[in-house]
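After this come two complexes, each holding chain A, first together with chain B and then together with chain C.
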Partner chain A sequence: MRLLLAFLALALAAPVIAQDSMPDAPYAYKQLEDPAQEAKAKALMETLRCLTCQGQSIADSDAKIAGDMRHQVRTRIKAGESPEAIRRWLMERYGDYISYKPELSETTWPLFALPLVLVLAGGLVLFGRFRRRA
Partner chain B sequence: MTRWKLWLPLVLFAGFCALVAWPLIRPPSTDVHSQLIGKPLPQFALKPANSTLPGIATADFRDGKPRLLNVFASWCVPCAAEAPQLGELQRQGVEIVGIDLRDHPEDLAQFLQQNGNPFARIGADDIGAVQLGIGSSGVPETFVIDGKGVIRYQHIGDIRAEDVPMLLGKLKDAEA
Partner chain C sequence: MIAELGLAALWLAAALALLQLVCGVMVVRRDDAALASVIRPLAVVQGALAALAFGALLLCFARFDLSVKLVAMNSRDAQPLIFQIAGTWGNHEGSMLMWVTIMSLAGALIALIERRVPERTMIATLATQAFVGLGFYAFLLIASNPFERLDPPAQQGLGLNPALQDIGLAYHPPTLYFGYVGLSVAFSFAVGALITRQVTPAFARAMRPWVLGAWIFLTLGITAGSYWAYYELGWGGWWFWDPTENASLMPWLAATALLHSVSVLAARDALRTWTIMLGVVAFSMSMVGTFLVRSGILTSVHAFAIDPERGAFILGLLALYVGSALVLFALRAGTVAEGERFAVTSREGALVVNNVVLCALLAIVLVGTLYPLVTEAYGVRVSVGPPYFTPVSALFFLPMLVVLAVGPLLRWRRDSLERIQRPLVLFFAIAVIALAGVWFNSSIGFLPLVGMALAAMLAVASFAPAQGRNLRRLPLAVWGMMIAHFGIAVALFGMAADSAFTVEKLVAAKEGDTVEIGPWLATLKTVEPVAGPNWTALEATLAVSYEGEPGKALRPQQRSFWAPAQKTSESALLTRWNGQLYTVLGDQAEDGRWQLRLWWKPFVTWIWYGGILIGLGGLLALIGRVGNDLKRRHAQVRIARRKRTAE
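Right, the complex of A and B next:
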């Protein structure tokens, strides 16, 4: 009974609001006026990681910092910056981690090379077997 | 087939299990560190967060004196927890500059009244623009800035009592 009550209390408890009550950045939830620019911004936002909710993109997250990042992306796109320049700007500050876009680099090349090596190795094994049988 | 080869799949499987289990037992840190360590602060200017203290601009950091740049907010619970440590650092002669994140001036006034004011200046960052500009990903965070305005160190999370001597050391290093 006690346990049940405890669970009930847990289920009903309102989460403590450790969050600010300031208005969101202007372009956190507002789309850009130009649909083509908004499409560019949206595509970029879907490949940027939210810093506090690390499994989500900033396009999916309602975290305040994600809103601030969307504002940065949209105002920079509006000012004519290219999406890749904005991605670089963020990567200069937060490292590769901020970007979901796979990139070939000194540390990631084995990820791209390994499938090729495995396919080649598999091909060699198959080749060897078929030749033996023939 | 030799005997040891028979055991090989089991050994491989155990190795695989260990690989999966390890991060579950010891979750890796999810802190995102600023990549701007060793680089100059980006250009910015923030309006004063309240009527009593001046705001901040990048030029303020180029007077030859190392100082701390503390990202905080009145709504942030660990920021209240680190207030005594910031007070201690200030008593030891450290200049602390605050970036107040998405905050109301009246809430800030109450926060400073309750927890003391270790800050020489506080700038209001209403939309997190400077926070993103310096590679900070949350509150509280504390940066050591040298006398040329170069970021020398980033402390993520609240400053505990044991971090005070460490930060004093980093400030001393920043003098060189």
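Right, the complex of A and C next:
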């Protein structure tokens, strides 16, 4: 009975599955033939946000849009574009939000100042503490 | 009836918490022995009532009582019993009830057993615990009542989120909550000691088991959560720097710092105000985490419902507790007498460096997590993700490991590096040899390379404190320290190896096709439908073999749950000592071939083995410390008795 149910459910779900796997984005689930290019594409994909997911990169997601974007990234890498050019192109299209790698700008400079401030502050705390005691 | 009983118990517990707070404040202001004697019993009864309320909710879920709204929203009859029960905390209201229950049980426990701290400090501590508890009782009763009824009862439940229908739900949230809430006890102790200005080694010894216990649970909870995400999400990632993960990492970082500074306070009576400050910060981070996860400000599988009122409520509680603790700290910190002094090159000195770096890491994770929320308030959307967190945190974490290797060899108070010259040269040599060895044999990135070299160095260095000592007479706490430090080396090696050597294969295969993936050969045998209690699935059977060894079968699935309707991919993993083969079944293409995703992840499991070792080290230290305390108390009782008989 359970098995029958399973078959029924699958039969009903079949059209949906077929739609999901329309080959409009062949590189969504296919690697580039050149391992060096694939490594570049993979590194870039890991730093791009899947816009419909919950804190995942497009390299970690089954969502449709993530698949489309993986396809975009791989095709463009294959065509010889540099990863940073692709990132810029995507950021122009979808906004800065899409890139997990914050770029130094008017809004993000505190993120980059923070480590420096911390090194300085930590150094001062330690220096002050131990000099006073020595 | 059960639901009403639970609700009544919750109201009573809240009322007792209020009474405990009022009595506590009165006793601290003006000594009153009669009033003081009721505070401990109040805490115990309050804990029992909270546990009763939680038990009532568990029973509602176990009996699948559809007239309770929470059950109807989050459960369904065809679910296996374990998810039926674990579903109790697989939702907002239930998880908050679990939070407050654990918290009041912790309060009951200190009321029952803690006798080392001066009574006045103890009462201030219990009053603080009641003060914090009260806010969460109010939050439950006003904004998220778990016992709300449905009239008429629902015909069928909506079902638990399929992503949560995993054995992970049974242990990951409770473990983390024990950790979060254990830190509330450290917070209450810190505030209690600030109120009475009695920051002493005895106070540190009373606080330490709670910090250690909370830290062990946090460590294991994070480790378990990471592994769960790793196999559930189906892409082989084990840490995403996702805000909800950061929410658990921040209390852990603070607790790690606190754990080390409280040891300095207990052993050497130094770092008094610093330890108090960390006690406040650690629980603040638990609350920030709760706010981030529970307010719905982040969309995630952890944010069960998006409700601005709840977010505002938690933010209000956060501001109230952290704000008042910081004000108290500002008023009192100056009047806490300065502790013992020490030189830079000393055990304390190394621990101060460890504390400063851990706090820097905490600041980075905190700012990086909150930054997008801040800019969004100004209408600018940015993302801060792995490309920021990984290198910036490595910048602080990796140098800290050098201090970690050297610190335990130093003596308290004052020491010189010349004295420990030999082990230092040895550590340096190991790091250089490992670095060169890895560098010549493979072309891997800078961070994994340095990570592996430091892991090799630390693996040896972590056991160096045992050198020249009788292993059987080495205190349990020292064993705990060595094993926890060794665990860090193991986990670091796993992380570096995973990011350096992972092999990925995405293929479309038809039945009978064989795929090569690193040292593995995988053959797709069949893809067949299977059915579970509340799902159907397509299941692939893969015959896999490692370098010609006898083959094994792996069965990744693509599951379709029908209530709620959702698809999940169930990865199938094969674990060897030196790594894991990770397989996922994808969709079928038009030509009938199946999408397969395969990863060979060398040594990836070492990440979680390391996490378990760190937790185990903590457990040994805890047993050792508590054992010593019991022995000491026993001896004191004996001495007192002997004195009396002599008289």
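Some notes on this structure:
We take it that the second predicted complex is superposed on the first by the 88 of 134 C-alpha atoms of A that agree within 3 Å, B and C clash if a C-alpha of one lies under 4 Å from a C-alpha of the other, contacts with A are read in each partner's own complex, and residues count from 1 in each chain.
Going forward, a contact is a pair of C-beta atoms (placed from the backbone, for glycine too) under 8 Å apart; a residue touches a chain by one contact, two chains touch by 3 or more.
Everything quoted here is computed from the prediction, not taken from an experiment.
When the shared chain is aligned, chain C comes close enough to touch A:Ser57, but chain B does not. By the document's definition of touching, of the two partners only chain B reaches A:His71; chain C does not. After superposition on the shared chain, chain A has more residues touched by C, the comparison being chain B against chain C.
Once the two complexes are laid over each other on the shared chain, residue contacts for A:Gly95 go to chain B and to chain C alike. Judged by the touch definition given at the top, the superposed model places A:Ala25 against chain B, while chain C stays out of reach.
On chain A, the surface patch touched by chain B in one complex and by chain C in the other comprises residues 18, 20-22, 54, 95, 97-98. Those residues of chain B that touch chain A in the complex are listed here as 30, 32-36, 73, 75-77, 101-104, 126-129, 131-135, 137-138.
Contact residues on chain C toward chain A in their complex (touch as defined above): 233-235, 237, 240, 242-244, 298-301, 341-344, 349, 352-353, 356-357, 359-360, 363-364, 367-368, 371, 375, 378, 380-388, 392, 395-396, 504-508, 529-531, 536-538, 560, 562, 569, 586-590, 595, 597.
Across the interface of their complex, chain B is touched by residues 18-22, 25-26, 51-52, 54, 64-65, 68-69, 71-72, 90-95, 97-98 of chain A.
Only residues 2-3, 5-7, 9-10, 13, 17-18, 20-23, 29-31, 42, 46-47, 49, 54-57, 59-62, 95-102, 107-108, 110-111, 114-115, 118-119, 122, 125-126, 129-130, 133-134 of chain A touch chain C when the two sit together in their complex.
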